[in-house]
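Note that the chains take the letters A, B and C in the order they are written out, and that residue 1 is the start of every chain.
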Amino acid sequence: MAAVLTRDIVKRFGEINAVNGISLRVPDGEFMVLLGPSGCGKTTFLRIICGLEQQTSGDLLIGGNVVNDIPPRARGVAMMFQSYGLYPHYTVRNNIAFPLHTQRVPREEIQKKVEWASQLLGIGHLLDRRPRQLSGGERQRVALARALVREPTALLLDEPLSNLDAKLRSSARQEIKNFQQRVRLTTIYVTHDQVEAMGMGDRIAVIDHGRIRQVGTPTEIYEDPADLFVATFVGAPPMNIVTNGGGYLGFRPENFLPRDMIAEDAATEFSFRVDRSEYLGSERIVYGVMDGFDSKQPITAKLPPAHVAEGSIRPGEWHPFAVKNSALRHYDTNGNRSSHH
Amino acid sequence: MLRPFARSLRVAGFFLGVAFFVILAAFPFYWMVITAFKQNSDLYKVTNIPFWFNEPPTLEHVKYLFEETLFARWLLNSLVIGVCVTAITLITAIPAGYSLARMTSRKGEALGIMIFLTYLVPPTLLFLPLSRIIAELGLQNSMWSLVLVYPTFTIPFCSWLLMGFFKALPVEIEEAAIVDGCSLFGAFIKMAIPLSVPAILTVMIFTFTLTLQEFVYALTFISSSDQKPITLGVSTDLIRGDVFFWGEIMAGALIAAIPVAIAYNLFLDRFIAGITGGAVK
Amino acid sequence: MAVIAEPVVKPVPRFRFILDRREVLETILVAPAILYVLLLVGLPLLLAVYYSLSAYTIYNPTWKFVGLANFEQILQNPTFLDTLRNTFIFTFGSQLLGLVLGKFGAFLLLQPFPGRKIVRALIILPFAVPVALATIAWQWMFDSLYSVINWTMIAAGILTRDEAPNWLGNPYLAMLCIVIINAWRFFPFAIVIFLAGITAVPQDVIDAATVDGAGFWRRNYQIILPMILPIVAIGLIFGIVFTFTDLSIVFLLTMGGPGGATSVLGFAGFQTGIVSGDVAHGAAISLFMLPVLLVVVIFMLRFIRRREI
């Protein structure tokens, strides 16, 4: 059974379609990431699932029940907000207990569940503090405990790491992922950060302009993007796209290497003129143009740095480069993946 | 050589200016205090220097005020009026301010501005029709007419102030409560209200001082002495015919003015922020 | 490992969700305030307009429609024209004086000096105290016999006792008195408005102007003043509205006298409509405030709109 299922959800704000027909199936226990640029409709879609927004059309099923007209409080989902949305005037204990209070759970049971959730997240010693006395990491754990305590059908997270600095972000990411794997809670996680998406998601739904462009595991999304948007949105630097006859040809920078570095025979050769290169320690990014192929962006190649140190790649010169054929992706004129490859 | 001289001249000029403003603003109050505690024989002798006590100060005027006039009654009236008006204002303005703050689209802002503009409709334009309406309701000459009418200016102003405050409150907290099982109304009661206690306190004190300051409606609707609020009583009822009881009048004015002045001083900055509505951002 | 419970979605009757609809709840919450204001501000305003077009008096409460007859009669009355003139002199005289005092006061209070907080609190007193009580205090200071102002001037040798002015008995002096009292009442407000404006001017703008070679006066009048103009305009609007429609100062201090020299619109409306019971004419007199108020409202709305863009 799918924990969350949407059928053709549309949300219109005035003239604009913020969500433009999203159908998505999130099975029980899955960690689903909604990835897209800001303004793509992913947050609106999440708010529709929890009921803070009402869809213009389409069906939403949570735990097998149609909840289109059910208010948020009766949907049985939990949500964690960008800055956690802890209740500043309650203690940690009452913050965690709040979802149970609203459901009129008996007092002893509330106590038991709060104990259990705070144990699980290691915040037992913080129960009598107030949110403003907590560090960022502790706040996140309180928010998770509050989300967990009511045993929701699904946990929704709206860019929970975007307010943290880079250092804290990776440990917070770790913690959310560990937590999810431990309790196997169905999770829908919204982010614009592809590193978060790739690192955390069981599956990723890439969204743009209110539509899903591709749903798949991180490997599928990265290795085999369904269209040019996904190809260029995921990956840093993004996939190289060049016009090729009636369509487009795509290949990842790390697959674009000097001919002599590719052992396979089944490879396509290109003539590559290097304009500029950046040394990044673990790798070297080389920018340039390809003979006979047009591209909107400079073509990039990601090389092991040692290779360039030998002086074989010099700016301004043409070099024989190649991509092994299995790493080449073909797209038609509309930007969709062609069937033949 | 001239420099230190010019500088001290400038400093002297500066403090002279400050002194001018302090005297201009505060002298009438000093004058109230002096008059309120002077003996009549001291007060009404033109040859005495009027700025201080030529004879020992006295509590005679204050005593007279409480024993021989309706002063205590006026104080009580003002208190009752203030409490009732504050209650009515809070009950209507808190939900209104919240609703206006959370309304999506332009509708909320337009409605808010409209409500605020009614604060600018002056009593002198409304007192005639209102006096007829109050007569129809059988409230003429009763302080309850003021309880009915004062919210016409406190509600608009306080709704506007509270709207500004609720707008500054993060929506996330209410939304978290809604997802956690509250109704929209529950989120308003359990989250928005407890989190805006300071603003609500401000509005309470504010409403109270506004009712104490009002004069025009009280003058128009009330003529019986025992129904008057304190401002009206002190300024119109201590004058018998042509005889002014200056000692009593000033004592009464002082007692009524002190709490208002203190409250106002404390909340002035919020008041200014309210009426300028963040004109400078 | 936690076991995920059964979905908690229980069938709940639809009507229970009516308060979960944002528009419904918002309407319900804002309705009491709107209704109160509509019933006790909107309705009376319409009623005032109707009274002014009728022959309504408290002795003869008729709804008979007489068109603009009341307005014609009022305008033919020379006393009313004096009242109108007085209202403008009173309003603009006191606002101008208040603004000038406010500008200088703000300039002084902007500098840090020991005791500034206390000085500020003292200076705000005139605005904080109920206007009726302050007026009474001034009346005592303007007393024909015991005026402390006259006493001081006599003691300083400026006047003799025989030359001492009867402040409230002389038409020109009486007007001066009400202008002074109102300016006295509003200048603290002007100070606070100026201060709020000036402190909101970003310091880097002022620094930039200084670096660009702007002197003290240029900084003040070409940089700061234009930037604080919006906030000063709002303050001025409040001052004008509350002064133009004021009744209490004149009522307590001069009763419009001597000889109608200080009669203003609010006072005339009160005398005619309440004291004499001629509701129709009183309403018509009061309605002369409306054009001024409308101008102010339009200005405000335009101002607010411009700010949004």
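Note that contacts are C-beta pairs under 8 Å (C-beta built on N, C-alpha and C of every residue); 3 or more make two chains touch, one makes a residue touch a chain.
Not measured: the values here are computed from a predicted model.
J.: Return the chain whose centre of C-alpha atoms lies at maximal distance from the corresponding centre of subunit B.
T.: Result for max centroid distance from subunit B is chain A.
J.: By count of C-beta pairs in contact, what is the leading chain pair?
T.: The largest set of C-beta contacts joins the chains B-C.
J.: Approximately how many whole Å separate the CA-defined centres of subunit A and subunit B?
T.: Computed from C-alpha means, the inter-chain centre distance equals 56 Å.
J.: In whole angstrom, how far does the Cα centroid of subunit B sit from the Cα centroid of subunit C?
T.: Going by mean C-alpha positions, subunit B sits 14 Å from subunit C.
J.: Could you tell me which residues belong to subunit C and also touch two or more other chains?
T.: Each of 20 in subunit C touches at least two other chains.
J.: Got the subunit B residues that touch at least 2 other chains?
T.: Expected reply: 183-184.
J.: Would you give the residues of subunit A that are in contact with at least 2 other chains, written as numbers and ranges?
T.: Expected reply: 71-73, 103, 150.
J.: Under the definition above, what is the set of subunit A residues touching subunit B in their complex?
T.: 50-52, 71-73, 77-79, 81-83, 85-89, 98-99, 101-103, 146, 150
J.: State the interface residues of subunit B toward subunit C in the complex, per the touch definition above.
T.: Touch list, subunit B to subunit C: 14-15, 17-18, 21-22, 24-26, 28-29, 31-32, 35, 43-44, 46, 49-51, 91-93, 95-96, 98-100, 102-104, 108, 111, 113, 115, 117-118, 120-133, 148-149, 151-152, 155-156, 159, 183-185, 188, 212-213, 215-216, 219-220, 231-232, 234-236, 244, 246, 249-250, 253, 256-257, 260-261, 263-265, 268-269, 272-273, 275-277, 279-280.
J.: Using the touch definition from the top, list the residues of subunit C that touch subunit B in their complex.
T.: Against subunit B, the touching part of subunit C is residues 19-22, 25-30, 32-34, 36-37, 40-45, 47-48, 51, 101, 104-105, 108, 111, 113, 119, 121-138, 140-141, 143, 145-146, 148, 151, 155, 184, 187-188, 192-193, 196-197, 200-201, 227-228, 230-231, 234-235, 238, 241-242, 244-248, 251-252, 265-266, 269-270, 273-274, 279, 282-283, 286-287, 289-290, 293, 296-297, 300-301, 303-304, 307.
J.: Residues of subunit B touching subunit A in their complex?
T.: Those residues of subunit B that touch subunit A are 170, 172-173, 175-184, 186, 191, 194-195.
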